[in-house]
């Protein structure tokens, strides 16, 4: 049903207002009482998150479409606002993360006020608020102008957050690159809207929906939109800003960025291609599928090579965006060739994974932030053994790792499973080539998933397990309750969404109804316990049973073995009979990923050099070995460096027109005059 | 129409117009400063004469005013100013070297042809007897500009500038019997101020560059500066880390 | 309702039988191997004895072990148990088969492996890290090949549910599908890699540097080691049973009568013994390969499975 | 005495007064006060116009319509805020000994004369006077550019003088041609034939195309030089970088606008009498070229004021392009862009002035860590640049948005070069901006006494325009659009 105004919309406004208030509080109040930021500002942020969840959830579950307008902007161009299940869904996602960081933030940000380089807190608070506001409002936007305004506001405040600790050069580089790409992306999006507006005769989304485009222009509009939103989503090869920008931002912001901001790119793609353009074509699907597969695979491969924890997580965002896009691509292929149910399945898989990734990536970044908060370390090579010092954080982080590695019974697995199921319906297609490439794409997805598992074994194993590698890490303490609360919220959701997928999918029905006028009829034919996306015969999955099984085994093991066996005693680990083991004998992160580096050598630009200083003595043995490893992302070297050089070269050349000699200048105007005179007569 | 059919005054006008053009050519070729100034004065005088003739022919009394303005400004004031300055900066005798003077004069001739070509559509319109002189006026203006383009000496540039003004003024007179008086006055005022400012600037130039050679004014240039080495995306490839 | 109950009981029984029989298969393989290599063979029941002994033994944990280290064996065993419950051993149409399809099965294996690897890194010795790193690399390469093969089969059977797929093959009768041939080969190679058999890994080695799987669980002892060993035996059995179900399912029980069940049991026993012999033969003729030749090995497996899928698309469905 | 007369006379009187007492401490205040009077009068006049529509003064000397009324207000306003800024700034310069009392006097009176000539150019009804005023604007600013008497300043002023003089001369020739065309078509009374109202009213459509085309070429080259269109732009960066900063603020913020205004006025005439869109196409080509080239120049700047003057060239090119396109949406966007650009750019120059005083140099690579030393200046520069780079919620974004959409609708393929230009220009601005604003300041860098009020006001206005355009302003824009492009934007 559709209506003007309505409570959910009011709630959404309330959410936006709360974000603004939180910004205002941190702008005006903080200077006098720093305490305010930690309470006032984050309190309002909490309210904003809650309100977003409420409004989004309401609109989603009650399947409402509410519209409204404001008398702002140019007179003939009102601000149109609309809350429908799709935006509601993303509102929900956003709200959840905001809630989590508003719990996590107060303790975490206090660090900046202390740290060796004291940062002023107001900018952080203000731009966090504006960042959230931008995302809330762009979800509500119902015309190109409003959308672009808040889209850019999101990018811009994101920039200020990335550059927040601007004393580090890395932050400045990252912020510059980020804003540059964001700006270019926004302009491209604008072009796509321009195409739609030219056909629809107006900038409001309703007019665009009513536009009837020729296939060529529709494809152009889609291509521009896909490019523009792809930049934000961090699609390979447009991703270069992402692994730089996310790590250097404050961790709760990184969580927002990876969790929410890049999802706005997905939102944009879905909104434009499914809603505004309307008729999806399968060719687009093929492109999206290929790009998605590439992103998934390259993203995880780049990620494995990282030893900066947050950077590793950032690269994994690229991988997961790729997985989401694979789902979208499949959905487009199926819709474009007339299989509505399968198209719906793909869409559901994509959206489900969007939600999941928001949750576990947020969780992981918060976890990384917790480690950073206590140890001031982002480099895995310096961590280790944290599970003993920060057990709860370790548990949360482990949940995140399991979820992102797509292991049952957590949520990451469900959405990837749905993607696989969609891919396996390829035989339904008439086009034999598609039937052939889709399963291969699925197999590559499997490869990506397996590599992700490897990567997170490394991440968790090096950071939390083993022995501490530095003193700071050895003396780390558990983080305050607020931060644990923020992580706990997300961790719980990760488990719930993994164990009760059926209900989630049913809740998503309004979205698919809105976009493709179709839902998954048989998803829950056998009740909430069994997830049967297509039909019980084709495939079924029941997460609760796995949980039960593990619980049972624990119980049995505990009752029978633990009680009856003799109590265990501790001893030294096995050292082959050589002397005392120390922490430097552990496998490092680089060592862990060495086999994979050798297997997939061509993906990176690897520069490896070993300097060995031979010692004296009858048996020549190395006194000291210095090992250096440079791993670089080809897409940077191949796509961006040339463009940069091109522009700089052009700028260098162009200088010669300004010789500083007044005669030359006079000659210019003389020549111009004569030229024009010659033209006109 | 044939020249012969025109009245004597009109013929005189055309004759003087030709002389004005001639003076422009002389300026173009004149390397030494003082003669340049004098030629400029002559041009002004001829211009004034033309104006008076036109005023007489076309019974436009207010053209007398503008003729008077011309005499005061272009014949007396400005040349005198320039003369005093060049004496004061004792540069009245130095001559600058003009590269390929013959080529330059040829270029001037080319400009005359070009301006004739440009002016053709206008000439069709004008009902005045003296319409062909429009082409001449354009030519005078363009030649003035050419002069500015090739001369290194600031004084020469000023004179080029002023002779452009002459061309404009001339065109106004011969095409439309001059512009409304207020505009004329405004223009004249601007020219006067400009002349004074030029005078001021000669002093400044001499003080800071100890010559009036404008080619030395090349500090503010973009040509040979290296690119600034800022920290930009190019400075460090983001993919990298060790 | 009644039949429902029976079905559930049967399913539970089958799962337990599966778990119980797993060490036997391992014992059989070991025994046959020794015979083939002219060594004095242990009894086929030896694995049970080992497990019992380990279960009784008092444990020694490295002082650095965390709670994760102690939780891992249960997680691994739980995952394997559930996986065992899913695979139709002697009867199809059991309700437990609906818990998970073949993809989830792979997921279970991945879960077990993930935690095993973590456990390997928990103590902080070089061996653990080394084993984890290598194991994850090998599995990362094996998984796509495995899933690809599974896709080929499930695209033929239009389902990913094991029991239904098995039924489909039964109903289809004997059809010579090139895709199945390729898939079988691929699956066999992956099995070898996943169950850490020669030539990828050597379960019987005592040289740490050549270990993959063993290196990870080097620090385990007592009942934890028992659970893990048992789990890996179950894993081997699952792979074997899956292969059997897919490629020669004949004899498996389709209705829950005593006779049918008996037939099924006998049939599956025979098939598994045969498979064990084949595995032993394979392990005897091949030598363990260098770690960095494993990628080629698995790449070949992946190639085979892709071939299978392509032949399915091109030759079998036409298109 | 009408409001318009007050608006015009106030700066004139103030200028004369300041000739004598401009060097006193009072001088700065008088400067501000005069501007305030001017602004007040212009505001009142604007209300009058808003109430009763276009006004033709007695004697038809002056004509105020929707197009120039808001420019008059803008000029008066920016003139005032820059005067507010220039008072402490110039005092600081005097303390640093860069400016003597004589020059301070000169500065103040010339400032007022400059304001006067721009107001005159905007409000006059006579094309000839328009030209005279433009020339006068050049003459008054020349001395200000050379205020510091450094060789660079002299050189810059000389180039400014010569190039603009030559350009303006072309414009005069164009004016003469227009007059000529009008004079022999509509045999009106001689003095009237140069009146805009007459030309645009009676003369519309009947002027001879050939002459008008020729005239437009001269006018385009002439006023285009003052707008700073590539390749006639060379005077602009020099003049901006070497003159005192308040001067740069008003040059960028106002003079270019006025020149563009004159150009658009004559374009309206030409379009009326030409059937083809020749004038528009010439302007589009010119504008696009300037836009792209200036964007590239941004990348190679060492001098902060130079950099921002190139950005002015870029934006002027954009507006010229938009006016050239001529479709209502583009015209509306361009009118809006004129406003927001001059507000933002003058604010930026004010901040730049403080920044360079703080760092003691205009060299970009010596200005560091502003945000640490003096947050107000750092943030001001940052936000100003963000606004000028076209980020929402600032007004520049809205106008550029409208421009892009209009381009998409009428010339889809030209959107691509525009896009590239935006990207390049943005990169050029920020790669230079970031190191200046962020990072650690050089040791011993002290805050300066800065008056950020103008900046704040300007940026707030721009923000306001970005979020919603007040009805009266929008009304004027729409009328002007109707006037220029013959239709209302949709």
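List of remarks:
Lettered A, B, C and D in written order, each chain numbered from 1.
Just so we're on the same page, a contact is a pair of C-beta atoms (placed from the backbone, for glycine too) under 8 Å apart; a residue touches a chain by one contact, two chains touch by 3 or more.
Because the structure is predicted, anything quoted here is derived from the model rather than measured.
Common neighbours of chain A and chain D, listed by label, are B. Relative to the C-alpha centre of chain D, the farthest chain centre belongs to C. Looking at which two chains touch through the most C-beta pairs, you get A-C. The geometric centre of chain C is 78 Å away from that of chain D, both derived from CA atoms. The distance from the centre of chain B to the centre of chain C, with each centre set as the mean of the Cα atoms, comes to 97 Å. The distance from the centre of chain B to the centre of chain D, each centre being the mean of the chain's C-alpha atoms, comes to 28 Å. One inter-chain figure worth recording: chain A and chain B are separated by 67 Å, centre to centre, where each centre is the mean of the chain's CA atoms. Contact with two or more other chains is made by residues 118, 121, 145, 148, 214, 217-220, 222, 225, 227, 231-233 of chain B. Residue positions 158-159, 162, 166, 210, 214, 237, 297, 299-300, 427, 431, 434-435 of chain D each touch two or more of the other chains. All chain pairs in contact, by the document's touch criterion: A-B, A-C, A-D, B-D. Every residue of chain B that touches chain D in the complex is listed here, in rising order: 118, 121-122, 124-127, 138, 141, 145, 148, 154, 157, 161, 164-165, 167-168, 171-172, 175-176, 179-183, 186-187, 189-190, 193-194, 197-198, 200-201, 204-205, 208-209, 214, 217-220, 222, 225, 227-233.
Contact residues of chain D toward chain A in the complex are 158-159, 162-163, 166-167, 170, 210, 213-214, 217-218, 220-221, 225, 231-232, 234-235, 237, 278, 282, 293, 296-297, 299-300, 332, 371, 375, 386, 389, 391-393, 397-398, 401-402, 404-405, 407-409, 412, 415, 419, 422-424, 426-428, 430-431, 434-435, 438-440, 466-469, 471, 474, 478, 489-490. Of all residues in chain D, those touching chain B in their complex are 126, 128-129, 131-132, 135-136, 139, 142-143, 146, 149-152, 154-159, 161-162, 165-166, 169, 172-173, 176-177, 179-181, 183-184, 190-191, 194, 208, 210-211, 214, 237-238, 241-242, 297, 299-302, 364-365, 427, 431-432, 434-435. Taken in their complex, chain B has these residues touching chain A: 114, 117-118, 120-121, 142, 145-146, 148-150, 152, 214-215, 217-225, 227, 231-242.
Per the touch definition, chain A reaches chain B in the complex via residues 169, 172-174, 176-177, 180, 240-241, 243-244, 306, 308, 311, 628-633, 635-637, 640-641, 644-645, 648, 651-652, 655-663, 666-667, 670, 673-674, 677, 681.
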